[in-house]
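Data block below; observations after.
Naming follows writing order (A, B, C and D), and every chain is counted from residue 1.
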């Protein structure tokens, strides 16, 4: 699978640069007959739109989604869905002085070394603006998942030193940081104001919880559901660590602490019936909803650790393409923290993984085959 | 890509169950002309062989690798390399009583729900024994990488509460825990002895360092080198978290702390020559050798967090396939910690990712095309 | 997808050389719960076994299939099925004198130029012996297809100048050429005896008919069912042309001759019911059962054109690896015609394509999704 | 790989319906540093543009290619190239009466049965208009191939009963049928005029010749170069048969006739030097430039057999979606023959296959690896 395509059956191919005329995505493999309109996509895109608070870049982008194919009379047709987002506010002139300098913490140097040249305007393909296409695709995946009751919710778990202990979902959209805790959000905003004042930036953590999961999603060995989620999260530019369930904490746990016990809700009335699948749940969820790479029906819980915005105003030592050592001062306003706008990106990527796993799993059993073709 | 195949150009397809007659791997896409013999593979397999200390299962397996294709007169031919490992000590009788019970922390329940049936002998396909095939394949990848100077070294970073602060590579093979610190290894062994006595188990952390990296490996967007490494690591059964470079710590850092400065070793003699690529390094390595998903030439550093062995002697509450709630006591000896035997698995999986990235990158530039076909 | 893997959801990865210790295949993605035993595979392998008549090579191979994984208590488990076939009669010494000479009509020259070296024993990976692994995999695919009533039957349509006009399926297994016409088979045998006497060989044609097809298999655009069948057929070493339905004849036809009319068997009782899918058939089948790349429910008919065996006794002009021009005389007995043993290979490859299309199609509609997950 | 994506390393994902707002393609994996502009693409698109003679549909489409990403300052950047083509003249009203009727020879019926619904305007995704996106992508592939001297040329080999015996490339663009023979072209036009007068249509044959081929392209077993070409050709809607080299004729040939002899142009000066690769050619080319699925350096020759346009004015028996039997008369003007406009589609698809094979082959040998990374 090439660089810009993700998924095996629900595949998305994204394209576009920060300062090109447009960016977009082609979704191939979405089942026919799903109700879909541009509004479904716009609702997701609006959550990552810049310029909505003092903590995001001032770049003005409407991020208007245009569906160019694959939908007819309000329903998907089973053929590729092409979504286009025009770039409006791309003042390339601002970036001219960055053509030669390798910005610390950015992909300028590695793109140059890999490709021998690069589109230096706003980071080109390595710009976070690329994630708009992922979000558009994720909106379609989430719509598909909602049809069988799967719901995803991501939120800010931490910004710098400020962590949310007891997330209250009702709070998420009430503050510009998408933090499920009003008090923590207030402290985080103060902290970010300090960062801005110092010309610096902050990292943070995003958590995503997925409810309504059927059992059986995820493929053994390399296509494990958690492995695909890890790839999906780490493919978001600024993510440097990924956890599933108890995550890093398991390293310090004992088996007796980490194991989740199974519990049969009710013993079957006809214990000898081969067709009766008893309702079995776990009494805890250290595993984060995935065992052996396959969903166990519990909520899936994952966390992505986001590095601080590399574009800071503080002057930095760096080198140019030609090998000169210089001091670089990055001008213009930049997001002091990536986290709030990345919340919906995390949710979108998780949705892409799950939609793909949902389709993949449909061929796992002969009785499914017989159900469809019988 | 289906469940048991990994990679795009250097692809490996593994197969086999814990208690079947054999397991193995088919490697497709390995370049022709690489010196390769069974000894290259055996050296890796011997590192995960059971029964080497009191901290690993007593199962006796020679894990003898047999190359069945793809090598002729000591060199790879460019065609698929098939490697077979016979299972010797598979006493299925021991597992008969586990056919119906869902072991906590194992994939019994999810395999049953996904496939409608399962090979319950020793966990079948979900057994850690499956990783032997990965290690065999990883040995070939590592041999390929060594030809251009890339070296991988994994070791135990932590077991339970015992962490290694300053790894000393010379120590790794001097203790059965593969810990690069004699004193920490001693403490960890005491801790594990306590776990064994209590019928319990411990988690831990594995770190991998990759040196001699060329720049340019990794594909933008979804095929980022760190994204592929994250998938590779999380696809190892017991891994619940993955970090690259500073990992989770970046969430608490400021941009000014996390950014790695670039430094040009020497200014070019002929600054106007377009062909001259100056030597540029980073003065720190918070990024762990990967920027924008592409290798930057620094060492790659990653960590995988391993959960405690789920098979413990302490009686546990669970349910059976038929929906009965029971108390389960798992008999027989099991590894009290997964970490030491997983060290080489982490290294093997990292090697598979890098070998694939190495091949993928060969088509990134027109000048490479002209070099080969010119 | 790499060189030796075929399929997207029902994937097969073959490996092995003509004179290596063994060859085999890994099947990934076969649904769990399919009854499968080695006998199912052996029945297919026996159809391509050498040494069964004077028209096939005298090489003695039992071609005994061994299932090493993926089957438990007589049923597939949903995990990779590894099948191993040991090579018995591989007298490498016979081929020593061919190490340097490029046999006309063979892949010796191209393998050498592609890989820089080659396993010259019996053609190595380019030997027709490689197809044994395809046949083993095809047997599994055919077993899967039979569960929903799809049946495949290939036979010899022509050998040299002798064509079968009206195939009688009952005749196929009554002659060593698998020709569905006793009289044509007799003439073809006489023709082949002449070829043998002259130290020469003959080409021929294989036809395959697939019955019991559901509608809807095949994916639009690049994954068309006929496109996948064409790739599958042309991937068999000696095939130089592929036809679907009327094939090459369509070039000389008019639209009014080539179009197949649709006919509704009965008008619906409740014409306004959206759920009622009327039974519609075609009154002719010029299309060969595929329209727009998707199965239309009619029989699928395809033909593969097979070149004459390149190994002939007549002395031939050729060059050596070192650039010497020589006259080459190939010794030993070779099949005077490839067709009879390739009949089951054609059938196997068609089965692989259909099994994959069957699984792929299961995610084409939201109502299928709801049927499985509802 | 999903339905609308083609290729492994040079991958193209097409999208768009006949009467949607636009159609297009995303090319992923094109090496960085290739000179590319919209003019390169337009030159190809202009060759399939409708409305250029009385033998093509009167639909007016400018087919203007817009590059939206992946090109910077006139060079490819190594990131996805998105190309957009707006639909201008899509008078959907014309098709309203076809919403319910299944046109004979079209994909209306099979799309309905596969997806449960379809975009019936002009055939939606199954329209030949879809091939515009392939042609745009093929133009980029052809540009890449031209950098190493590979040239492709397709032309009309036959229309109905009129065949070209001795193609004269200079004639190809001098007649609207792209026939390399003025006299044959004149006869073919008379024949087509008769077809038009009768409300009928004609089939034909397209031949493609590829020169300047390096040896070594194509992967053994399933990824054979001819297998990929066969898939590519058969994926074009109207193609029903594909031949490589002597194609169907090989079935009637003897080994002594079909085998191509090798000839070393000059014996090496230093026969013992391992690095010296002598110049070896074939003295005939029955194989069509591919042996064992790998290019042998000779010209590649292939033919695609095209069915007659299914849309004819003659009334036809068919059924409706609701199961009514009706007589259908298709109105409006349609191409009386598909061949002339498909010539560039055949060339484009061949270019896509070769570009992919070119990139795939770069990892076949250790000495290539060392050349790039050494």
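The criterion applied here is as follows: a contact is a pair of C-beta atoms (placed from the backbone, for glycine too) under 8 Å apart; a residue touches a chain by one contact, two chains touch by 3 or more.
If you're wondering where the values come from, they're calculated on a predicted model, not measured in any experiment.
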With centres defined as the mean of C-alpha atoms, identify the chain lying farthest from chain A. C
Can you check which chain pair, A-C or C-D, has more C-beta pairs in contact? C-D
Chain centre separation in whole Å, for chain C relative to chain A (CA means): 43
For chain A and chain D, let me know how many angstrom lie between their CA-based centres, rounded off. 38
As a quick test, compute the distance in whole Å between the mean CA positions of chain C and chain D. 25
Got the chain D residues that touch at least 2 other chains? 1-5, 8-9, 14, 29, 32-33, 78-79, 114-116, 125, 220, 364-367
Of all residues in chain C, those that touch chain B in their complex: 1-5, 8-9, 11, 13-17, 20-24, 26, 28-29, 32-33, 66, 68-70, 72, 75, 77-82, 84, 114-119, 124-125
Name, in rising order, each residue of chain D that touches chain C in their complex. 1-6, 8, 14, 102, 104-107, 109-111, 113-116, 125-126, 130, 158, 160-161, 195, 200-205, 215-216, 218-224, 226-235, 237, 240-248, 250-264, 266-268, 271, 277-280, 283, 287-288, 291-297, 305-312, 314, 316-320, 322-325, 361, 364-367
Which positions of chain D touch chain B when the two form their complex? 8-9, 29, 31-34, 78-79, 144, 147-148, 214, 220, 358-360, 362-374
